[in-house]
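Two complexes come next, and they have one chain in common, subunit A, joined by subunit B in the first and subunit C in the second.
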Partner chain A sequence: MASFQQFDVEYEMKVDLSQWHPIASSSDLPLRHVYQGQLWGRELAVWRADDGHINVWENRCLHRGVRLSIGLNEGSELRCLYHGWRYANRTAGCTYIPAHPADAPARTICNNTYQCVEVHGLVWSAIAPESSFEGQGVLEGLEPLVLRPIPIAAPLHLVQKLAADYPFGTLTNRDDTSLTLQYGQAKLQLFLQPVDAGKTIMRGLLTPAPVDSVAALRHHNATMTALRDEIELAATRLDPPTAINVKFAPVAKGLARMPDIDNAGPKVELRAKVARKWQVAEQVMAFRLEALSGQFPTFQPGAHIDVNLPNGMSRQYSLTNGPGETDHYTIGVKHDIASRGGSTCLHDDVQEGDVLAISAPHNNFPLRRDAVKTILIAGGIGITPLLSMAKTLKAQELPFELHIFAQSKDDLAFPNILHNLGASTISHTGLTPQATCDVIAGVLANYTPAQHVYICGPGAMLEATRELATKAAWPDEAVHFEYFKNTHEIAFNTTFEIALSRSALTLQVPAGKTILQVLRDNGIEAPSSCEQGACGTCLMTVIEGEPDHQDVYLSTTERAANQKIIACVSRSKSNRLVLDM
Partner chain B sequence: MKLYDYELSGNCYKVRLFLSILNLSFDTQTVDFYPGQEHKSEALLRLNPLGQLPIFEDADQVLCGSDVILSHLAANYDKSGLWYSPKQRLDIDKWIRFADEITATASAARLHDTFFYDLDIATARAGAERLFRNLDEHLWFSEQRGYDWLVPTRFPTLADITCFPYVALSEEGGVSRADYPAIRRWCDRIKRIHGFIPMPGIFSTSKAA
Partner chain C sequence: MTQYCDDPVILNQWHPLSSFDEIVVGQMHSTVLLGCSISYQLTAQGSLSVWLCNDVNFSLPLKRAYGFLWTSLGTPPDEIFVVEELDETDRQNVATGVFGVNVSFGRAIENFLDMGHFPFVHTGILGEEPHTEVKEYDVDVSESRDEIMATRCRFYQPQASLASEGGADVDYVFRVPHINCALLYKSSPGYEAEGRMDVIYMFLQPMGPEWTRAHTGMCVIDSKNSYQGIRYFQQVIFGQDKSILENQFPKRLPLDSRAETPIRADKSAIAYRRWLTKKGLTYGVIPAI
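So, the complex of A and B:
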């Protein structure tokens, strides 16, 4: 046994945040559990999603700072126990804020995450890695036995010195945070996880895995426990260690300053590879888009992306993904005979392996998750955003019905997904317009408070459904809809003035130019997407004046209130329009 | 059936939890444990001379102490016969003793921190850590053998019910469970028992996959 005196010296802890360390055993991460970990003083919330992906996040909800390790692992989202904010698997982006049920949370609301790798029964992470994980001496091709980890109330340097006493063959290798011991053919690797200034976890891998694994686990558990007691006794003779100074990363520069002035139109900030292209219904192709590296940004159900096509066009497509799926986006594209070229280009020209520029997801069709019942009504390819909604509702076990109207069975897109959604999905095929209206009238017949309906489909069906909902006493705010496109004729022949209240700027909008164009001509950033009054991305708040609405995004109530305007198509009936920007 | 109950008491919660799991309805009489010290009042001392909660009335019987009440409920109302089965009784009784030690340490630390009891907090917390190390080790090896519960059977027993509350409330006494991952997983499993109810400081968890 080593004497204590030789370690009883002043010691300053070397904090090296760049190294990878094991932070958990694989068996610490069963499904629907959140493991509480720590590395170099930083607390971690570690959870495995139902798809197997392991998330290592800073253990702090960015809303009120409550530990996420007491949150709820719901399979594809982690829910904070305090105010119910939901964060997506993989990206840690916020997907839902219960206090704002009708709004899509900003994409910038995202928890801090750490990289992680699962190898040989251990989960590895690093606070600020300078290189990717390289195995750290873990044996290739062998499945080691993962020993029970033992937390030790002692600083790393003391554990590192005394661990050399571990009674197992001879010490063949050691560095600051690991030791290798050899006993005949058997090799024991001990990893020392620097938890905090005064705490270290000893983790062991034994290769080859012995025949009687339980006996080996018991033996090493007893050995490590005895060693722990010895080290902890030695630690009582040391001065208490100085705490590790934990600095949290400041807000990213891009978020802390005003964005650059940008004259460009819809933004295409991401590159995506077409990983798979396949037919999912008559005239409908699905595209699985994958990020060239890492994950795609967080999205919420109802979101769409702008896809830039090889022919120079930009088109909007809804994401069909379920919650937490940000390793890929899947869109469904119907070949439109009357296409201006978008769907033809995707169907005929874009092939697997091609790289497309896409925007981050916009969500102007957000799903409330506080309805007593949600009704989803899809016409044809209008199913796409509703698939994402249905998957979310199903994952959260919220009551919903999905009604799909299509010409024939062959026109029902994504049949596998529909099948998995189960009994809540009802398809109606081959109905005449009148018969369709009769079915929808039946579906909408018994409105009770806190029900919500979401409709996406062709213009005529949408208008008819909205009328039926109004007749059945559905309030406007319970009826949510998304048009494919704006088929109304748009007049650009008026002239008016816009005043930007917060910028103290007055601009003239001449005939032939839109509000959006005038803003951009003057160097003012304004987000947009479809630029035809359908998607709602360029929604602005009106303080004064009477808008001339030409969009298909706002509801009847919203139009009448004159407090909102879709800047890409709508104009002004009054000479002056004061906008809150 | 009537429970003399204090909402923040882990021992009263054991009884409420087991009553809920057995799907039994009962009346409660709230006792002002803190700050009123009503459990030391003459009326309640007549029911339980030890001056402790919970107290439980069933027909004309008066039962005192959570373990006595739990075994009474198991003997009379557990149709499955699994919660306190004669086959496991000795093993379960061992954990009932263990739970007493948890009460003497983890619960004592909580009484100090949240109810301002005058006691040696360092000793209480160190005692709790020692017990939690044992408990975590036991549960870790049980998991290795394919068992979810304290007693190696396919079903939870009174051992789990009686050990759980003051473990799950330990943070209120300044004892973190971060070093005890097997205990944290076991707590999740208990929260998924059909009939589980929360209490202040013990929250529900998500549904199983």
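So, the complex of A and C:
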């Protein structure tokens, strides 16, 4: 936000970007509307999400500069009208780029936002505030009547000077942008919103709200209109002011090009408070995490976070949040009897109010939204990423089916959410492995182009489902999966050489060490997350050589192509492996 | 709003003024080019003239090409860019209308090159959700011809042209042979086997830095459709783009790579912005810092 200030040039008029001003009436923001406002020459797109949160954004999609105020308020996201880019409530982060449905957008693509407060029936904002909104103390405890705002074609200083003539009792207080008038018990506050160099909006609040509000609205509307005519007449005697020259802040360097791979990897850098911990199924606890300060970064459906546990372990959990649910993250954790300590710690030790270190969301399981039909298949707690996907598909009214396989009804996690998803959700409980396969075979029958299937669940079920999909002629690129963990036995007993093409460095990978470890031993930063070949965070590009794939992340086609490698577990069949890094 | 243009890059180009279809013989026509008032006339005897409306009427160079009258305010090259297809005799070359649009010509060219907006702006005509993917394509800046070409472009269209029924992936080739003129080649239903394509073009007349007139036309092999039908189709398409174009900010095309956020689908637009930067264009753009 601070970036706006440095691009301001010298104006003839006094421009104080740190001040808070009313920029809209609450009534300007009806359901699913986007209101176009303006402050100090800067256009604003103002919209209220279905959860009540008001967003005040720079009125310009960062992609191609189209006004966001002509976009669509879909309740939880704002959609740009030009290319359908979607921006999340609160964070203004881009969650989906339809032109590249298979990619998760770089999470740093974010529209410029302004702070905002809704109070006394007005929405307040500031371009570069130096302090938080302090409110108008004079109105404390009183619900005012919000008068009809009057736009005036005159500069702020002229309006400020002439508004003192407003015929309502006596002027008791005034500053650069507001005036207070007192008439008996009644108090009228006039706030002046500097729209541009030659345009000001006068917004009035009347306290206490009169009994006959319609008569009061009519009276003040007529009086203010008369005052406007007087001020505009005076303005014609001045030289017309030059419009404020707003320069747009440049986007971050990294965004000037679309990154191929996110090289940053998850860093456990966020602090999250456990706001709520509750049971959502047999042996499954849900955790609602809220940011200790500021707000969490934007996520996309399918994303997971790394959670650092009090016992020193790090675990990955998928977010179950739907679109626009940006004031928290929710994860679901199943107590695994064979747990190495992760789920036990969360179930037994972590309590409401505790603070955990988590990473920003990382998406290796992105959801395409260009399918004619999407099939989601969940096994047990594998439901978590698919819940986020299902909520997204439902919100966008895209056709989908969610199939959940569980031991019993009590094992179906997040029953309330499942209920809200409605008829597209089909649960299958208590089936034998064979019966499960039969149901899945039925679900996957009749493949037609542009269908996509997403699978998350235990390893055995995943592998069976992938096989069934291949048999039913599903192409590899239409089958998306996420394993909980890699249950395959991993061999670390080979030795080979890796050459890094960009840094012209050659390193030896001895038996017992992974590619990732060797890179780190040599001071090369490489992202990773699960470190067991399941999450895909440490994916690297192979230029030469034949990888020995030991992961469960790559698809059969990707493995056969030998162009990618999961560096935390996979090794080399050839003596030398050239990596694009 | 007129603004004097002192940018030799754009002054020395040929610019379109009108299609000959729209020139009334014997009548004087007036228009604006780069902030200057210009008049032109075709007499009954067939003599054609273009002049600058100053105190003294100043004669301007003129050229007839592709059914249009072109002029220049500087020293234009001898020849205009070549489009062989527009000279083929078995095609219908139809001027599909002139549209005023309050935006720089650069924004309009980018919109013409862009496939990603088809499902959202030309819904049900040139694209349709959920078929939103812009597949990888190639962009080449030809040194010898000094033009940008985007090839291997494909996009799903529910109604590829008036002559086609139902949805299909359509092949495109885009060409930018001139800083304010662009053409696209699109597979012509029924002529795919011969590899012949319809040509759709947009010749832009920069009236001011943020004010453009778009001369549009189609050169089609398909003869099933009436002149009216083709014209109507193109007017619907441009009408849909116009409201988007006029809501773009800044109105001038920003050439700095950090001004906006491109994605892979914008490869041709990235090439176009770089090409303009290399030419040193300053008119109608915000030059890179």
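Criterion: the second predicted complex is superposed on the first by the 543 of 581 C-alpha atoms of A that agree within 3 Å, B and C clash if a C-alpha of one lies under 4 Å from a C-alpha of the other, contacts with A are read in each partner's own complex, and residues count from 1 in each chain.
Rule of thumb we're sticking to: a residue touches a chain if its C-beta (ideal position, glycine included) is under 8 Å from a C-beta of that chain, and two chains touch if they have at least 3 such contacts.
This structure is a prediction, so every number in the text was calculated from the model and none was measured.
In the superposed model, A:500 makes contact with neither subunit B nor subunit C. In the superposition on chain A, A:81 contacts both subunit B and subunit C. By the touch criterion defined above, A:224 reaches neither subunit B nor subunit C. In the superposition on chain A, A:70 makes contact with both subunit B and subunit C. Of the two partner chains placed around the shared chain by superposition, neither subunit B nor subunit C is touched by A:358. Legend: residue contacts after superposition of the two complexes on their common chain; A:122 is shown touching neither subunit B nor subunit C.
Once the two complexes are overlaid on the shared chain, A:33 sits against subunit B while remaining clear of subunit C. Look at A:453: by the touch rule set out above, it reaches neither subunit B nor subunit C. By the touch criterion defined above, A:579 reaches neither subunit B nor subunit C.
On subunit A, the patch touched by subunit B and the patch touched by subunit C overlap at residues 43, 70, 81. The touching residues of subunit B, when paired with subunit A in their complex, are 137, 140-141, 143-145, 177-179, 181, 184-185, 188, 203-209.
Every residue of subunit C that touches subunit A in the complex is listed here, in rising order: 110, 115-117, 119-121, 129-134, 243-244, 247-250, 254, 256-265. By the touch criterion given at the top, residues 43, 59-60, 62-67, 70, 81-84, 97-102, 109, 248, 250-253, 255-258, 369-372, 398, 450 of subunit A touch subunit C in their complex. Across the complex, subunit B is touched by residues 24, 27-28, 30-33, 35-38, 43, 50, 69-70, 72-75, 79, 81, 148, 151, 214, 217-218, 221, 225, 397 of subunit A.
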